[in-house]
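All chains are identified by letter, namely A, B and C, in their written order; residue positions are counted from 1 within each chain.
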Amino acid sequence: MRIRMTGVLAALTVSALVATGCSSGSPEPDSTQPGGSLLIWADDQRAAALAPFAEAFGQENGVTVTVEAISQDLQTNFVTASQAGTGPDIVIGAHDWIGNLVQNGTIDPVHLTAEQEAAFAEVALQAVSFDGQTYGVPYAIENVALIRNTDLAPNAPATIEELVATGQALVAEGKVTNILSLQVGQNGDTYHIYPLFTAGGGYLFGKQANGAWNPEDVGVNSPGSVAAFTKIRDLGEAGSGALTRSISGDNAIPTFTSGGAAFLVSGPWAIADIKKAGINYEISPVPPFAGGPPASPFVGVQAFFVASKGKNKALAVEFVTNYAAKPEIQKALYEANPRPPALKAALEEVAATDPDIDKWFAAGENGTPMPNIPQMAAIWDPFNKASAAIVGGADVQSTLDAAQETIVEAIGS
Amino acid sequence: MTIDKVAGAEGATLPRPRGSAWRPVTPSTPRGTFVIGLVVKIFALGIVGALAVAAAGPLIAAQEWMWLSLLVVTTGLIFYVYLSPRRIALKYFVPGLLLLIAFQLVPVVYTASMAFTNFGDGHRGSKQEAIEQIQSSSVRQVPGSVEYGLSVATRGDDADGELVFLLLDPSGNGLIGDAEGLRPLAPGSFTASGTRITAADGYRVLSLSEASLRSEDITALVVPTEAGAVRANGITRAFEGRAVNAYDAGCDCIVNVDTGETWTADNENGSFVNAAGERLPQGWKVNVGLRNFAVALTDPRISTHFLGALLWNIAFAALSVFVTFVLGTACALALHSDRIRGLRIYRILLVLPYAMPSFAMLLVWSDMFNRDFGLVNKLLGLDVDWFGGAWSARLAVIIIQLWLGYPYMFLVATGALQAMPKELVEAAAIDGASPWARLRQVTLPLLLVALSPLLISSFAYNFNNFNAIRLTTDGGPFPPTDSTAGATDLLITYTYRLAFGGSGAQAGLASAISIYIFFIVVIFSLISFRRTIRHEEVFS
Amino acid sequence: MTPRRRTGLAESDTTTVDTPVRGRGRALRWVREVGWRHMAAVAAVLFSLFPIVFVVSAAINPLGTLSSTTLVPTGAGFGNFEALFTKTQFLNWFINSVAIAGTSAAVGVFITFCAAFAFSRLRFAGRRAGLISLVLIQMFPQFLGVVAVYYMFSSIGEYYPAIGLDTRLGLLLLYLGPSLGVNTWLTKGFIDAIPRELDDSARVDGASHAQIFFRIIAPLAAPILAVVALLSFIATINEVLFASIFLTSSDTKTLAVGLFGLLQGQRNANFGMFSAGTLITAIPTVILFQFLQRFIVSGLNAGAVKG
């Protein structure tokens, strides 16, 4: 008995150690090529979509291309790993990372020919430029739009007021529980509220003469922004209730797919769920307030970036500027993950088979590329919380003044 | 000082004096065990020796003498400890101690040392790295220059030979570029297809696969031209570019060669700054001494909320420990009987919350507290905006903590109850004490003594329980006019937002604040230890 | 030395069993002595289970989403489980997690036990300071250490690729780092409770410290060692922070990292798979607990030192 306990313990230790030793010593499964190797990092979703093309590129050219999925904080991990010299050669991410990646010296500009540049949608190219240079090769564009359940709301509302009226009527009839499903959450969601904010006349950063963002001009408590949030407050819990903090990123899409709301403000990532739930839907731009300017959603651009400290930069540049910028590849990436491609040729091609693509693109026509300056990081948190507070019924002016102050202080430090 | 006092107390309360070492007694033990023990020991030391030799190889190859001597000293120490008949206590500590120092102490010290730097986004590398990055990211195509089709080639027939660029301009002229410059290739001495040269006399054109092995050479090869330099843009294309920003060591500044604008190095803050006070994005890491510590004390954003956050933080940690301890112990006591049928099933079901991945369950719980859609309101028929009100949010996070943590307390209390000397409880029973009195006067005090170090470490853990807040309320609810400190913010989540919520992560500042927090927790714990450590010898 | 009496459990055992009692009295007594225990346990079990029921419901719901409006699934099926095994590297993650958590639990228990034994039975300079330092080190916020750990292992990997970044062995070493600290106190408290007369008399019989450690204390400490093994297994199998930056290639990932990845970007679409994965993750822990219960419960009965 006594021996057995220690015996069990020891045997367990040894065998487990051996087991890990063996498993870590097992040969790499992927086929090794004679040439150099290339390492690409992406989040889980995109890594899965990209893997086959990366492999094809490797086979074609006699090099080894490995795609790794980084499950958490890809941007931070990429910066840390680059600094340690163990990062990838290419990273795939959103264009608004550019400012931070550049200030950490982790990505290099890419040089596209005039011909190549002309092939991209203008907004995509605009999004990846920073400090006068192009820092990535865009491959997909995404923005939010108004998705509606056509069984409940056959016609696209022309104004937000009309949307609320339709929604209220449906709630009164007991067909739905919510007028609109737009995620706010307890701590706010700048990205999703932004179309309403711009429709009401607000702005975050002003622009410099050359069209670049001006971090000195923060407009969070500008008169336009105050007017916008006054309208948003009227839509909130203290007003019509179209916006509520109960709807968060966790339940916004399910609320729509389960028939709890006839309208949803979301992006292309919602479509898979909506189709799975068998909802008849239609996509239209987020409408303006009556008599107001058009709503301008944030446009996010997914792009390939070349790591400054990669071990195989020549090959990385080759992959990013020549291979990733081909319409076939962008089309294939669309098929793996349907959102509008950044190359015009690919966009046209997929639009021929997928009617949604044009609608997403149209909804993003008035959009603003998410600011890619590092100072944008100072906006998110205070702005999120201010928007949640106002949706909850807080005073507009004082809330925005406080947010403005926090943001300006953070940018200054 | 606390420690000294307690250590003094030890000698006094110790029932029997013990030698500092175990006095070996002439072995009258069975010979077999002795031999087995010896064999195991020799075998284990043999493995250590073999590992050390294997580990030395790469260090010698890399001429890392400092690390090599550390390895030799460590290995020597291990041999000494296990071969010497003395050093008994160390024999029991060495493996754990080595792991502790290497994988926990060193990272902690390293992290703490960041507090004296401006380490963070935009200030990660050296000044040299920043300069290189500023120059290379300012390379722009020379206006009006042409794009070339590139073929990477070597002189002669060796794929590892000296690298040259064979370039084809849009009008079909061939050029050769090397570190000397750009020269035309004689027409007819090369063949081209499409935009690139496929073969040239005297050169070997590398395939993409071969070229990819020479990546560093390709990137390093800069072919000087009048207007700038031809650089490879990947492996199949090249362009004529020019670095707009150049570093001038004379003025320790960056000069824009087009506009003449200069950014002078600010070596105290690790940035290049122009006359208007604007910084280039790429900065570098510098030592800032105690500045982060001073900022943490004087920044009004920090100091105004510090006390409030600290009070709630203490309450959160204390309540988390208290409620989990009460429920966990209650369950352990309730199940502390062999007359219960299905005891094993009960135990498994009670431990289930602990077996589920906690990050997943935190997400699930935060959804269950949703006002309109959450399970809690639905099941209880309430309409409480849990995360919307300060006190209800606090209650909610404590309930979540209770659910996640009580199985742990249940487990350790079950273990401790098993260890409890039955004689004591039985004696009390014979003395006629009621079950309740026995519980209060005998079982609970013993349990508290046995578990109090654990309660303290649980307090310390919860004091910094980042995920418990980050994945549920994320500090909220926040007053409308203040987005920096929420009702359920712990110091650590508050610090995190402060350090990582601005324009770039300020790891140095975060580290300084966490050193303050660390000392607060340490002081609390030492005070609590003074009490418990006196009880420590009760069992011995 | 007398073999310990087979003691049942604390309070209830000592009441006189022989007194004959009538039917209703017996029922009452049952309620007083055993029944309330069942009621308390059932209540606690309900509290434990209801969020888990929700996870189960999401896992078998073909439209598994994170909207927690209902406990009863709107449909049932094992599509999420199937997708988990066919669309992801789940089996790989599972094996990695069990191997890493199992090894770190086994080695960790041994290290903890050694240290606890020394703290409890030996007297040496720096004992008090050592005990307290162990707790204090644990109080430094871990998430800040990620960068340091990353740099450290990237340099280790340059010399020893076998334990560098993206290796399971390296991660295992990292997890073993705190094993001296976390549970030493718990184990020490338990060993303190083992009567010293046992080792004293063994010493008189000529046993060495190692023999006392392995042959006398180890069997008696089995219950707490089982608890420690379980605690460290659970802590390791659920660890995300370090694992997610450490492990990047899909064949080295652990369950926690893989599952977390499912939620990134597609929180709603993958929640069903995620829930299914969460449930499966709990299985090894439950099995281990089931296996270790024997030691936890029977420790004192079986581990008695005979003669």
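Quick note on the criterion: contacts are C-beta pairs under 8 Å (C-beta built on N, C-alpha and C of every residue); 3 or more make two chains touch, one makes a residue touch a chain.
As the structure is a prediction and not an experimental result, all values here were calculated from the model.
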**Request:** Tally the contacting C-beta pairs at the A-B interface and at the B-C interface, and name the larger one.
**Result:** B-C
**Request:** With centres defined as the mean of C-alpha atoms, identify the chain lying farthest from subunit C.
**Result:** A
**Request:** Just give me the whole-number Å value for how far the CA centre of subunit A lies from that of subunit C.
**Result:** 38
**Request:** Take the average of all CA coordinates in subunit A, do the same for subunit B, and state the distance between these two points in whole angstrom.
**Result:** 26
**Request:** Just give me the whole-number Å value for how far the CA centre of subunit B lies from that of subunit C.
**Result:** 22
**Request:** For subunit A, write out the residues touching at least two other chains, lowest number first.
**Result:** 83, 250-251, 255
**Asked** Among the residues of subunit C, which ones contact at least 2 other chains?
**Response** 66-69, 147, 151, 215, 240, 260
**Message:** Using the touch definition from the top, which residues of subunit B touch two or more other chains?
**Reply:** 363, 367, 370, 373
**Item:** Complex contacts: residues of subunit C adjacent to subunit B
**Value:** 7-14, 33-34, 36-38, 40-41, 44-45, 47-52, 54-55, 66-69, 71, 111-112, 114-115, 117-118, 120, 122-125, 127-129, 132, 135-145, 147-149, 151-152, 158-160, 173-174, 176-182, 185-186, 188-190, 192-194, 196, 203-211, 213, 215, 223-224, 226-227, 230-231, 234, 237-238, 240, 255-256, 259-260, 263, 274-275, 278, 281-282, 285-286, 289-290, 293, 296-297, 299-300
**Residues of subunit B defined as touching subunit A within the complex** = 121-122, 124-125, 129-130, 132-133, 136-141, 147, 207-216, 218-219, 232-237, 239, 241, 281-283, 301, 363, 366-367, 370-373, 385, 387-388, 473-484, 497, 501-505
**Item:** subunit A partner contacts - residues on subunit C that touch it in the complex
**Value:** 63, 65-69, 95-96, 99-100, 102-103, 106-107, 109-110, 146-147, 150-151, 154, 157, 162, 165, 167-169, 172, 214-216, 218-219, 222, 225, 240, 244-245, 248-253, 257-258, 260-262, 264-269, 295, 302-303
**Prompt:** Quick one: in the complex, what on subunit A touches subunit C?
**Reply:** 1-3, 5-6, 9, 12-13, 16-17, 19-21, 23-25, 29, 41, 43-45, 66, 68-73, 77, 80-81, 83-86, 249-251, 253-255, 257-258, 269-270, 272-273, 276-277
**Asked** For subunit A, which residues are in contact with subunit B within the complex?
**Response** 33-38, 61-63, 76, 79, 83, 99-100, 102-105, 108-109, 111, 113, 131-133, 177, 186-187, 244-248, 250-251, 255, 308, 311-315, 317-322, 374-378, 380-382, 384-386, 388-390, 392, 394-395, 398-399, 401-403, 406, 409-411, 413
